[in-house]
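Read through the structure below, which is laid out as structure tokens, and then see the notes.
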Amino acid sequence: MADIELSEEQGMLANSAGDFLQKHSSFEAVRQRLASDSGHDAAMWKEMAALGWLGVALPEQHGGADMPVGALVSLAEPMGRHLFASPFLATTLAGRMLAVGGSEAQQARWLPGIASGETIATVALTEPDGSWELGAPQLRAERRGGGYALRGSKTFVLDAAVADLVLISAELEGVPAVFAVERAALPDGALRREVLIDEARRGYRLDVDDFEVGADSRLDGDAPAALDHAYRLGALLVAAEMVGGTEGVMDLTLEYLRTRVQFGRLIGSYQALKHPMVDIMVVQEQARSLLHHAATIFERDAGLAEVALRMAKAMAGDCYTHAADRAIQFHGGTGFTYECHAQLFFRRAQFCEYSFGDSRHHRRRLEPLLLEEGCVWESAHRLVPGGLPGG
Amino acid sequence: MADIELSEEQGMLANSAGDFLQKHSSFEAVRQRLASDSGHDAAMWKEMAALGWLGVALPEQHGGADMPVGALVSLAEPMGRHLFASPFLATTLAGRMLAVGGSEAQQARWLPGIASGETIATVALTEPDGSWELGAPQLRAERRGGGYALRGSKTFVLDAAVADLVLISAELEGVPAVFAVERAALPDGALRREVLIDEARRGYRLDVDDFEVGADSRLDGDAPAALDHAYRLGALLVAAEMVGGTEGVMDLTLEYLRTRVQFGRLIGSYQALKHPMVDIMVVQEQARSLLHHAATIFERDAGLAEVALRMAKAMAGDCYTHAADRAIQFHGGTGFTYECHAQLFFRRAQFCEYSFGDSRHHRRRLEPLLLEEGCVWESAHRLVPGGLPGG
Amino acid sequence: MSEATPARPSPEELDAFRTEVRAWLKDNKPEPPDFQLPDSFMEVGTPEQFEYLRAWQHKVYEAGYIGLTWPKEYGGGGLHGLYQGVVNREMGAANVPFMVNIIGLMWAGPVILQLGTHAQKQRYIQKILSAEEIWCQGFSEPGNGSDLGNAQTTAVRDGDEWVLNGTKIWTSLGTEAKHMILLARTDPGAPSKYKGLTFFLAPVDIPGVHKTPIQKMTGEYGFNETRFEDARIPGDSILGREGEGWSVAMATLMFERGAAEGQAGGLSMVPLRVDDVVQLARECKRDGRPAIEDPEVRAELVRFVMEERALGLCQVRQRIPGLVTERPHAIMMMNKLVGTEFRRRLARFAISLQGANGVLYMGDPDAPDGGHWQRNYMNAFSATIGGGTSQIQKNILGERVLGLAKSY
Amino acid sequence: MSEATPARPSPEELDAFRTEVRAWLKDNKPEPPDFQLPDSFMEVGTPEQFEYLRAWQHKVYEAGYIGLTWPKEYGGGGLHGLYQGVVNREMGAANVPFMVNIIGLMWAGPVILQLGTHAQKQRYIQKILSAEEIWCQGFSEPGNGSDLGNAQTTAVRDGDEWVLNGTKIWTSLGTEAKHMILLARTDPGAPSKYKGLTFFLAPVDIPGVHKTPIQKMTGEYGFNETRFEDARIPGDSILGREGEGWSVAMATLMFERGAAEGQAGGLSMVPLRVDDVVQLARECKRDGRPAIEDPEVRAELVRFVMEERALGLCQVRQRIPGLVTERPHAIMMMNKLVGTEFRRRLARFAISLQGANGVLYMGDPDAPDGGHWQRNYMNAFSATIGGGTSQIQKNILGERVLGLAKSY
């Protein structure tokens, strides 16, 4: 099996994403949506559903297309490129968590609506301590009557205001559990909109105190597996968004360097600007290769997939945040204005970097995976880099 | 007291060093000496002695000038700049170790000869494990008859072949000790010349097995203090050599960039070469400031002096090795030849970097000094960097 | 300045002065307002921010703690520079607000003192110090950011007046300013583009001057676009001579970039300190542990402390001629580049200590340090771009300090 | 190449071939010599090194394992590229020596196959593969390193011959080579300096050719200066047409930089692997503890592994058109830059693991890995400089891949 594969279906997904985003995610459209209250466009969401995007990696029997999870990258990457923001990420994570950790009945209850676009869903996994580790939630669940009572706080519950369903992770008697709760059932005032650096995103803090939920809201399957899946899939999709975003911000910057004249010359002719762009491109090519490798083997080999995933998120993060930083600088005075689109990428890059583990987090986690004697990596195939071809 | 001071005496030392090195350390002279067997020039050594350089920081009563130890930087810096190599470093370290750790009698025995230039001395402190920590030697000393027997190995005993005196650190009954041994007394074959990356330097490995030395050879004073002094002074003088070396290699490279024409233009006009040289200069200015601060407070406040010293060695190391690396690259094909002087700096930079602790070593040791709550640094004065003046 | 050099104070005199300043600051440090203050004069975005800061500068002026080195006859203190140094350091230590009239105090004032007529000094200097008259700068134009020599704004003489037309951009304090240091083209037919420029001390609270606030990437305001449409200014508004505006502008930039002495003093911005980042690293958690326990964070913090320390020590070494023989002006010339880039990198790093909470922004009650670092990271670009981008600073350093050929 | 495209082998065919190659390598891998081998063809400094490597290439040729994709009629294998890929990978895994006739196999051969006449192909190709005739390159001159268009070596037609005068530099294998790919000026009066150049396949074992070995910074040899003094070569030595040498040289550089396919295959150098550095970090001590326990070392190692992995995966992704739509040639074009810079940084880092022993050099019995990394660090510059410096590679990438304006 090859280290990187691109199926025909994936190619089609990517193409349809390109067309859709061209139409719906111009800079103007992005700015319009970010200035709106919910940041959401219901009509557009319907179109996305019609294209089948919301069931890509959900089981066929529940209305999904049952494609490999890695195929989602073919959507997330162009979304990043076009600065698209929608409940796609939140809904996809929730759907996949149900697919991994929900019982057949729970899946049958929720997944068809998700796959069809009728149900917008989201996940409440991170907490005020800002930890990216999702496996040990501190929001507390207790048994109460026939159901449970939840107490605690969650952060960055994306698109919660427009979501129908919220998956909330909790600690129940010393082990992690996940509860699927209808947003409408949340107490008044439980959600507070956060101020995020990415203005296109909508995040909410969730505070509950003795919030009672029914017995059937608890996912019956493997909750730790569902949380691990959310951690990995979140990192993969955000890495894809970052690789796409880097492409977008490179385009914007290069276009400026190709047309702006200072001191009588196109500024792209200055090595002080040209060479850093080449450096960015070189890392971008690498990050993109890591990303598609991670997508290819996402479900193939858990150990190597973890390595690939962490590498992809780490390098994509370094590259996008740097490229966006340079985009501001290389646009000169214009780059510093709200009006210049570079800031949209800059804010998005910061948001993505600190979502699902920043570069440092993933590199730190790679240390034992790559350096311990007898680690999975040691026995795995390593390629010879660069050098003269033929070598 | 100011953070950086330059006494009149120091200024005079620096000037005399400049004149002397102009005369004795042209590139041609450096190359001649490095091709010779001992690398040493006895006549020149006499001149250095006549200038008083060998007793700068030795006590007056033993023939020294009793200047602050930091004044030695005014000699070491220009030596680095001119790629000078001589037993100055080895002799100075040995003399200062005697001054710190020797009894009055031992000082009276050795220091006058050192200060006058009659005695070349060296130190045997590092061992084959490559550790820079000098406080816990593994070469073993045992009491034997009225004296001691030494067994073990030392590395990088500089200029041992021309030295009259060798100070050897050892573990004696669980504590460190230092032995002052006449080189002529060493067993045949105890010294083996090492192959060093810096061809101007002469280093020797010392292996002894039951080498018996007299009771009076053991330094009677505070051996740990003498070893600590050697560690600090070694780092200070090598940092000075590196700051000087950076200046030298910058000069060489800038001269090339100011005169070499490619594609019809002076290559110094290309930002791809100009801007990295500016980056080097910016760090060099910083390293030089740290160096002279470390020299100024070397004997003033042990805690802050340690911080200053480690900062100076770390930054000087990063700067010199990088500047030398770029010197090769920016000289193009010529830079890659033995004939080009850039390689002399390159090899010297590598040698200095791995002498008396590399950048990483010192930065690691700075962590507790700078970051622990209640550390000496926390209460110390910190300056506000850069920004607009007046702020 | 043509006055006799003021006497160097004795250490005792300085100590006494320090005690006095410290006491004054303790008694007079203003209460923090109930709104968020900007971090520098370039970020003053609301009238209440402006008035708070103006009042503070005025208070400092009345106490006689700025312009200490400026000539007495124009409202300064006529003292040795060491006095102002004491004030600046004490202000930094006391963490008081910065001066708001920075362009006047740091750039326009010094260049007027250097090149202005007696009448101009009398007219402007004292009111710069008191913050009665705020200054702004009109160098950049929409089509020329760093390429000042290409200024297209025109000044045409008409009787006793000059008539201005054109647009200046990035004018901070533009809505509050009474005067602008302005580079305009007076001779479009001059043999080189540099020779046709003249430097004006122009009123900007007059008819024909239109100011449009520019929204910054932070979402806040602070800069303006200033449009001149047949704006008429007095004939004697020129600093230096007609047609020599380029050299006056270059002299101004030397002050702006910290490469020449003569500023009035006082704090010019809220300093970003590595100490605060160390403290942040203790307070913020990454994956459940204090960020400061992460080995990579520790290594980075050490590098930042080293760099901050080294930059501070450069200012000390710069004053010792025997230790700057190779490049006497290097440290002054590099101040702008290294100071602004340091701030950008430090703010970016500070965000990385915050774990998932790094995505929170100003205004969120949970944002670490109130989103200070996120805002600072973005605002940092105004200084790495304004006053000549970092890339241009490197050209200048390469050419003027290292003697390399000009880049095209 | 004009032959029909060879058939793509089935996975089973490839597996069988792999088994065969693996067995052959096991049986035929040469014993290590009792002298130190060079790390690449640019570092062949002694006759015994050369003969050892030439014998190995000849053996590989006789087994039919290089030139697998080259046309059968000229001595190649006429097979699909996947076969050569298998051989290359197996050779890397088996850690056998590299090919010595690299300039022939990788640059001269491919460009002769691309642009040469039938007679030239017949004359040269097979003897490149067999290592019977060694090739060297004559592009750079003492006065023009990267600026090839400025070549000053002249070729003047005299009857049936060309008469060469001038000096070429950095000719690796110069003393062993029989032929040189040579860029010379045939029309000094041409309208542009590029138009006056012609590309020759020149014999260099003839009267009037003087070779002087150049000592490298490592202290070893490997490059030569080749001086032509009225050296006479046959009139039909031109590749391409007279006056079109520039475009032939550019085609050659595409092969040299790995930006075009068509090489004969085989290993071209001793690879530097991060695994070996990880191992070194386990073996070397820093301050008494294995280097791999140092947090900064660990963080750096992770970065190197990631980068090596990413560069390897780039070669895979490059072959999937749907994943390289934005910049189809970027990865090929960047191979030279990233590969050579990676080696330089990796070798430098490896030295830093060695504690105080990092100062030991080749020849010292105590030097970690025999001083391998110290030598490698220095030798790395031959590749970051030769064939167009890294700085020039960035210009090329910026212009041809990113579409930015030319730098002057």
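In this document, chain identifiers A, B, C and D correspond to the written order of the chains, with residue numbering beginning at 1 in each.
In the analysis below, contacts are C-beta pairs under 8 Å (C-beta built on N, C-alpha and C of every residue); 3 or more make two chains touch, one makes a residue touch a chain.
Small disclaimer: the values here were computed from a predicted structure and weren't measured.
A.B. asks: Taking touch as defined above, what minimum step count separates chain A and chain D?
C.D. replies: 1
A.B. asks: Between B-C and A-C, which chain pair is linked by more C-beta pairs in contact?
C.D. replies: Of B-C and A-C, it is B-C that has more C-beta pairs in contact.
A.B. asks: Work out the mean Cα position per chain and let me know which chain is farthest from chain C.
C.D. replies: Relative to chain C, the chain whose C-alpha centre sits farthest away is D.
A.B. asks: Once you find the CA centre of chain C and the CA centre of chain D, what distance in Å lies between them?
C.D. replies: The separation of the two C-alpha centroids amounts to 53 Å.
A.B. asks: Using CA atom averages as chain centres, what separation in Å is found between chain B and chain D?
C.D. replies: 40
A.B. asks: Pull out every residue in chain B that's touching 2 or more other chains.
C.D. replies: 265, 270-272, 275, 363-364
A.B. asks: What positions in chain C touch 2 or more of the other chains?
C.D. replies: 296, 298-299, 391, 394-395, 407-408 - these are the residues of chain C that touch more than one other chain.
A.B. asks: Show which residues of chain B lie in contact with chain D when the two form their complex.
C.D. replies: Within the complex, chain B contacts chain D at residues 126, 128-133, 155-156, 194-199, 203, 205, 262-263, 265, 270, 272-273, 321, 325, 328-329, 332-340, 342-343, 346, 350-351, 353-355, 358, 360-361, 363-364.
A.B. asks: Note which residues of chain A are touching chain D in the complex, please.
C.D. replies: Residue list for chain A touching chain D: 2-6, 10-11, 14, 247, 254, 257-258, 265-266, 268-271, 274-275, 277-279, 281-282, 285-290, 292-293, 311, 314-315, 363-364, 366-367, 370-371, 373, 377-378, 382-391.
A.B. asks: Okay, in this complex, where on chain B does chain A touch?
C.D. replies: For this pair, the touching residues of chain B are 270-272, 275.
A.B. asks: Which of the residues in chain C end up touching chain A in this complex?
C.D. replies: The touching residues are 140, 144-147, 150, 169-170, 214-219, 284-288, 294, 296-297, 344, 348, 351-352, 354-364, 366-367, 371, 374, 378, 381-382, 384-386, 389-391, 394-395, 407-408.
A.B. asks: Give every residue of chain D touching chain A within the complex, in rising order.
C.D. replies: 84, 88, 92, 98, 102, 105-106, 258, 261, 263-269, 271, 273-275, 278, 282, 292, 298-299, 301-303, 305-317, 320, 322-323, 326-327, 330-331, 334-340, 342-343, 391, 394-395, 397-399, 401-408
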